[in-house]
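One chain, subunit A, links the two complexes that follow: it is found with subunit B in the first and with subunit C in the second.
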Partner chain A sequence: MTQPVPSLADLQVTSEPPESRRGSGAVARAAATVVVALAASLFLLFMLAPVIGLVSAGGARGMGALTRDAELRAALTLTAATATIATLLGVVGGTPVAYLLARRAFRGRALVATLLDLPLVIPHPVAGIALLLVLGRASPLGGALYAAGLRVAGSPTGIVCAMLFVSAPLYVSAAREAFVRVDARYEFVARTLGDSSWRAFRRITLPLSARGLTAAAVVMWARAVSEFGAIVVLTYNPKVASVLSYDRFTSVGLSDALPVAAVLVVFALVPLLALRGLRAAREERESV
Partner chain B sequence: MTRFLRRGVPRLSALSFGVVVLATACRGDASRSRATAADTLVVYVAASLARPLQPVLDSFAARTGAVVQRESGASLEHARKITELGRVPDVLLLADHEVFPRLLMPQHATWYAQFARNRMVVAYTPRSTHAGEITAANWTDILQRGDVEVGRTDPNLAPAGYRTLLMLQLAERHAHRPGLAAALLANAPARNMRANAADLAALLAAGELDYIYEYQSVAEANGFPFVPLPADVDLGDPAHAADYGAARVEVRASPERSVEYVGEPILYGLSIPSNAPHPATARRFLAMMFSTDALRALRSAHVDMLGTPVVVGTGAPPEVNDAARSVPR
Partner chain C sequence: MISIDRLTARAGRFTLDDVSFDVPQGAYGVVIGPAGAGKTTLLETIAGAIPASRGRIHLGGEDVTAIPPEQRRLGIVYQHAYLFPHLTVFENVGYGASTPVVAREMAERFGVDGLGDRSVKALSGGERQLVALARALARRPEVLLLDEPFSALDPRNRATARRILRAIYYERRFTVLQVTHDFAEAGLLGDVAIMLDRGRVLQAGNPEQIFRKPASPYVADFLGAENVFAGVARPIKSEGMDWSDGDGDAFVEHAVAFTTGSLTFYALGDAEPGPAHAVIRAEEVALSMDAATSSMRNQFQGRVIELAPAGAITRVTVDVSGTPLVAAVTSRSARELGLAPGVNVVAAFKATAVHLC
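And then the complex of A and B:
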């Protein structure tokens, strides 16, 4: 017995609700659309209004101050450099960890993944103190580094450590998701065709997860740029932009703190836009 | 931000509810929100006074049932929260009474009471390098050595910071050794600087620093051993006010402008700001703070309380004026 093939007309009829329910259904759908749209609008407003407010209040003055305020320029340069180094370290060290967590089933995998999330729940000044306990002069490791002339607290090294600690968990968890989304069978196929596991990773998994890894690194970099609490404990001087903004607020007032924060937002926008733009362009190319 | 809300929001008129939510959030005025409208006491306290004051706050909460919200930080930061953010506490206790006339009067306060003294010391820990040999006679030499890490507070942010600079000048004068202050300062570099007295103390406790220029009350509260300084150096003795006046430092008030601080005896000041959300609770707290019991508790916590607070300005409540008169010197 073959099923009767429904005609187009039949389909149209069945897809329509019965006459009696059509009115209330449309009202419910319209209501749902309004609620969702309203929630999304409120969310966007909530997220964007403070940023736009900050930039409109301090952006022009901040950009103007760039030419004559050497301290601001130094803070921005230091922030960009330390956040970039922290992100690179996070990518180099975090990518293999994320890959292992995504691909290998080993005892304690859930525990490792959870432990790697822990830095996210530690209040940041406490994270700074925790880092000081491990890397400070009084600790065995910090003492050895200090003896070798490498100072962690009160140096850019301390800033990188603080940024890495608080923002790398974001990279690892997002990179892990990026690897999970790549079908493991592609790697198996490559392996059966004679590729080594490293070559399979480099030629198959890495290109397929590149977009996700880039996004993960962007989020990590952005989070590192914004860090204040752990940095101010570890390295108050030299000042990154967030510490400088706090310093200006306390010593001078809001009028001088807002431009610093606004300039930071504007400057952070450049690499963020560039990377997102890169991804968008690549997506377009791939979809063609 | 308010400019954005005024301009941008009418275009999003359907989102009026969101504007209300945002406007509330943007004002950031936790002290006035409805959730704290009951019997609440919002206290901003200088970091150097936070620990000794805590038992007094606890006892006030226990006796009156009031909810005490305490914020500890650098004195100038507290002042900025009031002047710049409109976040006003009920009671404001600052490490330098000068902050009131300089930043807060007459707009945010019409009076303040000087209520405690303090003195600068050199604090350390038993494991600090050369801890075994430091004395009142040789501290200037030990703190110049290359193998010790010396910390201080940022003079732009906290009274303890500029008082350290003043104290070092006075030490140079006392020792008749030109260049001593600059040499000691050079050995307490910017990387060993922190934002307030409490952060600095935490770094000493963690072993990151060997010596810090600190208030005696903070050293005592943390159990740090300390080197006391001569009376004409430590900024703690009103009898030496004329000596202290010989020291002066420039502190940055903005990237382009600086203000001068002249040496004077360390005096803490307190007030109830004009726009305090719970002024009645604040008055009750000050009445208790100036009671004999609280004075004793604070003194035992190494706060050098004045026998009689000195009120400057007008409009101080009777609880403060009575204490200023009634407490025996």
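And then the complex of A and C:
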């Protein structure tokens, strides 16, 4: 007896699994979806609940305190002013460094970049102690500055130094990325068209990287505003907002710390929204 | 003029190694070579983007090796135009121009004056390249460096860009060094060709000379010579050959027999006895049905194995005693001779058409 020859349809491999396997696969996929959704929801809850809780518990009182609480207003003003000065210093000093790291190949470039990132990963009170060692009155530099009439520790200058030290690496790193994104040949073509290196930088590289540099400065400012650890070691008084909230929490309690903390959260939203706006503008520009 | 003397430069892991050549004042030099040969590195070293670690660069008689790019009085145009994206078309053209009038005139020459206030982001590839050329020339450079500026353009835009550039070049007679990977373009444009590979100059000189007499089988192969044979050369001046017909007796002293496989043919040159390569351009090989009609020194009976028509020219591969020989004939001749695979023909070429290297 001869075997029937299988038709082409019989030989075709189907991508559909058998009924039983299809059923178990669908259940597994549904279970995976539930697990992933649950994990994501819990994560979001964990991240947002404290902030929402803080603003809802202390937001109204915090806004009210802004009109009544002179110490809070002074702390916020001091925070904004010192963070702005630190950011300006970071931009002035960090931009050439970021440019060099982005454009020039030199021996030890990787080492310089790594050392510049170091303040980001060391505990910030440790950064404060390091600064105190160099800038405190007992140190040769701090002593000399004090003798010249510039007190660092325990003054707004100390706050600026602490903010600069811990947040400038963020600026340098982001500014370096902004420069890397601009092809060096644009600048080189400008030089063949008669520009000196400085003029080509000013006319070509700077405008082309302006958004990236602004975003880098905003990130640095936001980080400076939120700094606590290094500042508290170097300059407890006058108090910036973060030190004030800590001070009220430890000296009076949660109820007094809440309005200050809530105002700080609202304060932090400003640079975040500015960053979002900058990114949206860049995406729009790049999609043209 | 461009004078490069033993130039060595490093770009990342790539090294431009001991490069020397000259492009006379007002001449059109063409650098040819495969991808990765170092063509762009060479241009950027001349322009001052990459520092020379050894050797000298002279532009217009002046040693510019150590001076910054903005003082070298040159212009550079890349394949990707590198138009400044934050500036308008006219701002780009006028970027290095001495006056707005010069910029406007150059924009008009390249037909981009109508695009003046538009953002360069809105331009087509062809327009971008025209703006880049106008921008470089508006500065009136003494040396123009071109890095495959036409290769990304469609044939019509390419022809337009080339035509305008040639017209301005003939008017002003600045010195040009253009990079290309296309030898046809080099032959079309260049007074001087520099063949570059892996950072070294393999051969430099008149393009026709390089085309006819490549310095090595590699150069011949890169330049698209179909008939490159490895074999053994043997000078035969003492063997009393009769050279009175075909190639003339003036060359008797330089007669060489070249054997490749089972094939031996005659060449003229100063080859040393021993292993060598022979290059015969396909255009030098004539095909006929009858040996008696040709007076050429080298004549071989063969059989057509392949025809490759390309417009007016047809490349015919003939099997000569097991060795494939390619002839380029007009498509009309191919038809008139009735060439087809399997047809027996006589392939002939002069001894002077054989280049030994």
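Basically, the second predicted complex is superposed on the first by the 220 of 288 C-alpha atoms of A that agree within 3 Å, B and C clash if a C-alpha of one lies under 4 Å from a C-alpha of the other, contacts with A are read in each partner's own complex, and residues count from 1 in each chain.
Operating definition for what follows: contacts are C-beta pairs under 8 Å (C-beta built on N, C-alpha and C of every residue); 3 or more make two chains touch, one makes a residue touch a chain.
Small disclaimer: the values here were computed from a predicted structure and weren't measured.
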item	value
Partners on subunit A (subunit B, subunit C) - clash or fit	fit
First (subunit B), second (subunit C), both or neither touched by A:183	second
First (subunit B), second (subunit C), both or neither touched by A:197	second
A:232 touches, of subunit B and subunit C: first, second, both or neither?	first
Touching partner for A:269 - first (subunit B), second (subunit C), both, neither	neither
Partner, of subunit C and subunit B, that touches more residues belonging to subunit A	B
Subunit B versus subunit C as contact partner of A:207, first or second or both or neither	second
Shortest CA-CA distance between subunit B and subunit C [superposed frame, angstrom]	43
Touch list for subunit B against partner subunit A, complex	1-5, 8, 12, 14-15, 17-19, 21-22, 25-26, 74, 76-77, 80, 83-85, 127, 149, 154, 156-157, 189-195, 199, 202-203, 206-208, 251-255
In the complex with subunit C, residue positions of subunit A that touch it	183, 185-186, 188-197, 204, 207-208, 288
Subunit A-touching residues of subunit C, taken from the complex the two chains share	44, 47-49, 68-70, 72, 74-76, 78, 82, 84-86, 95-96, 119, 121, 135-136, 139, 141
Residues of subunit A that touch subunit B when the two form their complex	38, 41-42, 45-46, 49-50, 52-54, 56-57, 65, 69, 71, 129, 132-133, 136-138, 151, 153-155, 232-233, 235-238, 246-247, 249-256
